[in-house]
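What follows is a pair of complexes built around chain A, which joins chain B in one and chain C in the other.
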Partner chain A sequence: MARVRLKDVTKRAGAVCPVFNVNLEVADKEFLTLLAPSGSGKSTILRMIAGLEVPDEGEIYIGDELVNDLTPAERDTAMVFQTYALYPHLTVKDNLASPLKARKTPQNEIDSRVRDVADILGISNLLQKYPTQLSGGEMQRVAIGRAIIRRPRVYLLDEPLTNLDAKLRVHMRAELKRLQKELGQTMIYATHDELEALSMSDKIAVMGNGRILQYGTSTEIFEHPKSIFVATFVGTPTINLFECVLSEKAGQTYLESNVFKLNVTELAELIRDRASGSEFILGIRPSDLEIHTEKPREDHIQGEVYILEPMGAVVVIDVKVGEELVKVKVPGSVTLDLGTKIWLTFDRGKMHVFSRKTKEIVV
Partner chain B sequence: MNRKARAKIVKNMKYVLIIIVTAVWLSPVYWLVVTSLKTRLDMFAIPPKWDFQPILDNFVDVFYERRYGLTPGPTEFPKFLLNSFFISLSSIGLVILIGTLASYSFSRFNMKGKDTWLFFVLSTRMLPPIAVIIPIYFMYQRLGLLNNYVGLIALYIMFNMAFAVWMMKGFFDEIPRELDEAAMVDGYSRMGAFLKAVLPQALTGIAATAVFCLIMAWNEFLFAYILSGFDTRTVPVALARIRGESGINWGTITATEVLYITPVIIFTFFLQKYLLRGITFGTVKGK
Partner chain C sequence: MARVMVKNLTKKFGKITAVNRLNLEVEDKEFVCLLGPSGCGKTTTLRMIAGLEVPDEGEIYIGDELVNDLTPAERDTAMVFQFYALYPTLTVNDNLAFPLRTQKTPKDEVDRRVREVADILGVTKILNLRPEQLTPGESQRVAIGRAIIRRPRVYLLDEPLTNLDAKLRARMRAELKRLQKELGQTAIYVTHDQLEAMTMADKIAVMNEGVLQKYDTPEKVYNHPNNLFVAGFIGSPSMNFIEGTLKEMDNKLYLDSGEFRLDMTELGEPVLGEVKGKEVILGIRPEHISVGSKPLAAYAFQGEVYVVEPLGDQAILDFKIGSSIVRAIVPPYFKADVGNRLWLSFSKENFHMINKKTEEVIL
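Our next item is the complex of A and B:
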C-alpha cells in the first residue's frame, strides 16, 4: 500500500538500543528484512515506524506523509511482536477483532473478517479459546492474524518466528512469504536469523551497532559482502578468514600468509587502487572451497582433515591449516579419513579481500 | 520405615502444626464471639463455661438503650457503623481511582525524578501517626476539618496512597508493555490501551490492594479518635467510649466488636483468591 522512507533517523536515548543516521527506503509491496544481531537497533527502527518511539532526529515517511508527529493509531501500521502480545483476557476471536473494534468497524463486518482471517491462517477451530490455552505456533498465527485483519499501509514484524521450534519456524517462513505476496503489501521484518532473511526478503538491510551496514538483495549480501562484519554474520558455516600481506616478486603480486601464497597479479592494480597498506584479510566461504586429494598445479592451501561434520546432504570438513581450522562444505557423499592430507583451491572470483585496517571490502 | 511412610508422617505433622497455629490465631475471635453470646454471669464463671445457653441480649443492647436510669430508645450505633462504611469506602474508592492511574504512570512513563517522586509518595508513611497527630489537629482546626467527613477521608486517602501506588506499580510492572503497545498500534489511544488491554489484567491486583486499604481504613483508630466528633464518629472510636454504670460492660463491647469485625471478614472472604494472588504476585509467575 505504501512505501516507507527513513531519512537520517537517529535515536540515542531511552531504554532501547540506539540507532544512528539510518537512511532506508522500502518500496511499495516490498519485503524488507532488517538483519542484525540482538541489540543492534532493529526493533527500535520498527518501533519508530509504528510510532511507539519518537526519533531524536530525522524524518519518517509512510507513503508521502511525514509521520513523525502522528500517534501509533494515526499511522495505520500493524505490528507483530516477538512475544506476540496477545490480550490474555480476550478470546482468540476478540483478539483478532481488536484492531477493527478500535477503529469502530461495524459488527457484521468484524465477524466476516475474523472468519476470513481465521480461514487463511487455519485457526478457525481456536476462535473461542484464550491465548493461554494455545501453543506457541498457534499464538503466533493469532498474532499475525491480528495484524493482517486490517489492510494497514505497512506491516511490521519483530522477530515473529524466534519463539517457535525449529521445524515450525521453517514452515512459517514459507507461509509468511506467501502471505506477503498474497496481501501484496509492504512488509518490514526484523530478525537475527540470516536464513530467514535470505529466504524471505526482496531486500535485506544488515545492521550492526545501530547503523545500516549494507543494503541489497539476498544474493548481493551473500556474494558481495561489503565488510567483514556482514561477511561473517551471513552464511553458515561462517566464512573462512585468513590474515595475509600483499607482496611482490619478479613483477608478480602475491597474497601471502604463513600457510599459502596466491598469485593475484591480475587484481594487483585494483587492490592498490582501493586500499593503502599491505595488510589484508582474505575471506572465502566454505562452499566456495574445493578439495583435492592430490597436490594441484594451481595455487592452493594445504592442510589435513581434522574432523568431519556430516549434515545429511552436505558434509562440513574442518581442515587444519597451520594452526587454524578452515571449514569446507562439500557434498554429503565425500568421505575422508581423519588426518588425510588435502589441498584446497578456489575460484578467484569467489574470494573476498578486506582491508585489515578498515575491515571493509577491497575486492 | 520406608520413604513413603516417612513422607506421610511428615505431611501429617505439618497438618497438626497448621491446626495448632490456626487455633492460636483464632482463639481471640472465638473468645469474642462466645463472650458476646453469654450472660454476665456466664462470662465470669471460673472455670470458663464451655456449655452455656446462648443469648442475644448483648446484641439487642447495642441497638437499643434499655439500661436502668437511662432514657430507653435506639442507640447511635447504626450511625457510627454507617460513618465507618462511608469513610472507609469513599476513601478507598478515591485511593484506587487515583492510585491506579498514578501507579500505571509510574510503571510506564519515564518522568524526570521518577525515583524521587516514588520515594516522596512512600515517605508519607514514614512518620508514625502519633508523631504527626498534634500538628494535624491544629491544621484541621484552622481549616474547619475537625468532626468533618472530608477531613478523615482526605487523611485516609493520603495514608493509603503510598501503599496503593507501590503495590499496584508492582502489578503494572508485571504486565508486559507490549500489550499497551499492541493496543496502540491496533488503533487505541494511550487511555484506550490502558482501559482495554492493561486494566483487565490488573483487576486482581487492584482488588487485593483495595482489600488491604479497606482493612487499614476500617481499623484506623487514632486519627478518628482525635479528629472526629459525635457526628463523624467511627465504630472503633465508639467502641472505646462504651462504658457501663457498674464496671465495664463486656457484653455490649463484645457484641459491638463482633458486629465491627464481621464486614471485613465477609469482604476478605469473598476476595481471598485475589488477596492471595496479590500477595504472591511477582514471586510466582506461573499461569
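Our next item is the complex of A and C:
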C-alpha cells in the first residue's frame, strides 16, 4: 500500500511512446486511470513506474521512496498486461502460485493464499485446468489473480480488458473496481476506453501526445472538459460541436452559426474576459439536448430527423442541421419519422464554449 | 432491388451443423441484420446467399428466382467484408470504377457514377489517393462505395464496421443506415454487435448454434424476447436474471429467490400451470429498475450497493443479491455509496418470466 508520485517525468522517443513533463500524484488506495488514445504514452508511464523503462528526466516515488534507481523487483509493483501471459504448461493453481514460489514462500502459506485469491476471483473450480482450457475472461482473471496474490505496494494494469468481448468487459469492469476497493491497494490503470475510465476510477488523467491534459474525477472530466480534445474523447455519442462567432446587436450579445443564433448576453462579459477574438466552438452533449416538435419560444436550433438509432433503453436521434449531423440522446420510447421538422433547445448551464484558436474551454 | 427468401436452409461442416433449417424472408428495400455470437451460422448464411457456399439442403430465392444453381456473379449481389480488400496499386477512383470496368460500362458513365458515389460517401477529396494513404474509416467507405456503385439486387455486408474504432463505428452506423434508405436497396448485414443490429436494422434475425431464435423489429426483439438467449444477448448492460421458485401459500402465489420473496398472485394460475417444477428466471432490464430508499412500484426487493459505475450522462449501480449481481441504471446525479441498502422496484409491464428448464419466456 502506497501512494505514487511522478515529478517532471520525461521519456523521449525511443522504443516506447514519449512522454513529457508528467506530474502526477496517486493517493494511497486510490484507483487512477490514465485515459488516452493508443500511442499517447500511457503504457510508457506504467512501464517507468514498474521499472521496465528508465525516464530521461524526473523522479518517481513509491510511498516516500525515490525509486528511480531501484530494480523492478525492489519496487514491489505488480503489472497485468492486455495479453494474459500465463505459463501454458502450468495449471491455474501453479500459475497463481508462481510469484510466491519465486519468493520462496512456505508451501502452506502458498496454498492458503491461492485458495483466497481463487475465491475472490471466482475461479476455484478452475484450479486444475491449463490456460488452453480457459475462456478469455477466465484467463484474464487468472492473470489478475497472479498479480494480486503477492500484495505488492502498487498494481499496474495495462488495458487488461481490451481483449475481452463487450459483455464480459462490462462485467469485469465492476468486478475489478470492487476488487480494488476490497484489497484497499493503490491501482494505476491504463485504457483507451472512456467508459472503463469513467466507471472505474477515483481519478482520471486524460493524456494526449505524451502529456497530461486534464486530471479529475469522472464527473469533472465529463461535465467540465477543459479542451475540445477531452470533450470529444469522453462521452458516447460524441459531444456535438458548432462553429460560431460572437456578435453584438442593440446591446445584446449572440453566439451565431450559419444555422442558429443564441442570445448569450449574460455570459458576454465572461467570454470576453477569458478569450480574445470572436471565433468560438459551442459544444453540447447529446444527452443535454431537448427535442421539440413545435417551435419553442426560447432560442433554438432547427433541423430535421435524419436517422433514428434505437438502442433499447435510449434512442439516438441524428438531426440534420444545415449540413451537419447533430446527435440527440433521448429515452428509448421516443419515435419520430424521418424528415420530421424539429427544434432543439438546451439548458445554458450545460453548454461548453471553446476558443476556436486555442481549442481550450472559455465558459 | 429484390426480396430475398431462404427456405429450410441447412449447411453442415463435418459433424457440425452450421445452419439448421433456416427460414427467413427479407422484403424488398429492407435492412436485415443477422445477429449472433461467433459460430452461430450468420456468416455461413450470408455466404450461401452470395453463392460462396453451397447449401446441403434448402432453397434460396432472390426476387422470385431460385438461385441455388446460379454462380455468384449471376446472382447479382455485392458483398462488403470486414477487411476492406481494396486493390493497393489502384487509386480510390480506380478502385471505385473497377466493378463497372469489368462489366465494360462506357467510360463517361463510369466517370459519372464514380462522382456520384464519391459524393454520397464523402470521399470526393480522396479520389486520387491510394489505399495505403487512407484512414481506416476512409478505406471502409471506399469498400462500401465499390459495392454500391454497381446497383446490384442485394447488398451483403459481413461485419463491415468491426475493425473501426468505437467513435468511427458509431458515426458509420448512422451513415450506413441512412445510405441504405436513400439507395432503397435490400441489405443483409452480419454482425455480432447487438448495438449495431439494434440501431441499423429494420428487422433482426437473432441466431444461435445455427438456429434462428427470433426474427422481428429491434423494438420487438428488445421488449419481447421469446427466450433466455435473446433476452440476454440484446441490451447493454444485459438484462438481469434472478433465479427463483414459484410457491403457493395461503391462496397466494410467490416468487422466492432465496434472498427475497415477491407476491405474484396477480399473475394467476395460468402462469404457474406452465412451469413444471416451478423453477423460473425473473428477467428485468437495468433501465426498468427504479432505485430508492423505499419501494417505488408494485414489485420491490432490497439490495446492497456493490459497485457504483458513473458513465457521464447516467450511472450503473451494481447490487449484490445472493451470489448474483443486479444492475440498475440511474441518473448521473443519483447519490449512492457502496454498502448502502436500497430498494429496487419494478412494475408488472417491465419484467419477463422465463421457464428455467425450457429457457422459454412464459410472460
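As a working rule, the second predicted complex is superposed on the first by the 363 of 363 C-alpha atoms of A that agree within 3 Å, B and C clash if a C-alpha of one lies under 4 Å from a C-alpha of the other, contacts with A are read in each partner's own complex, and residues count from 1 in each chain.
By definition in this document, a residue touches a chain if its C-beta (ideal position, glycine included) is under 8 Å from a C-beta of that chain, and two chains touch if they have at least 3 such contacts.
As the structure is a prediction and not an experimental result, all values here were calculated from the model.
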Ask   = After the match on chain A, would you call chain B and chain C a fit or a clash?
value = fit
Inquiry  = Going by the contact rule set out at the top, does A:Thr10 touch chain B (first), chain C (second), both, or neither?
reply    = neither
Query = A:Ser199 contacts which: chain B (first), chain C (second), both, neither?
reply = second
Request  = Check whether A:Thr132 is in contact with chain B, with chain C, with both or with neither, and answer first, second, both or neither.
outcome  = first
Request  = With both structures superposed, pick whichever of chain B and chain C touches the larger number of chain A residues.
outcome  = C
Message = With chain A as the corner point, what is the angle to chain B and chain C based on their C-alpha centres after superposing, as a multiple of 10 degrees?
response = 80
Ask   = Should A:His89 be classified as contacting the first partner (chain B), the second (chain C), both, or neither?
value = first
Key: Superposition-derived minimum Cα distance between chain C and chain B (Å)   = 13
Query = Of the residues on chain A, which ones does chain B touch that chain C also touches?
reply = none
Inquiry  = Under the definition above, what is the set of chain A residues touching chain B in their complex?
reply    = 14-15, 47, 50-52, 71-73, 77-79, 81, 83, 85-89, 98-99, 102-103, 132, 146
Ask   = Where on chain B does chain A make contact in their complex?
value = 110, 176, 178-179, 181-189, 192, 196-197, 200-201, 287
Inquiry  = For the complex, give me every residue of chain C touching chain A.
reply    = 166-167, 170, 173-174, 177-178, 181, 193, 195, 198-200, 218-219, 222, 234-238, 285-287, 306-307, 309-314, 316, 318, 325, 327, 329, 332, 338
Remark   = Listed in rising order, the residues of chain A that touch chain C in the complex are 166-167, 170-171, 173-174, 177-178, 181, 193, 195, 198-200, 218-219, 222-223, 234-238, 285-288, 306-307, 309-313, 316, 318, 325, 327, 329, 332, 338
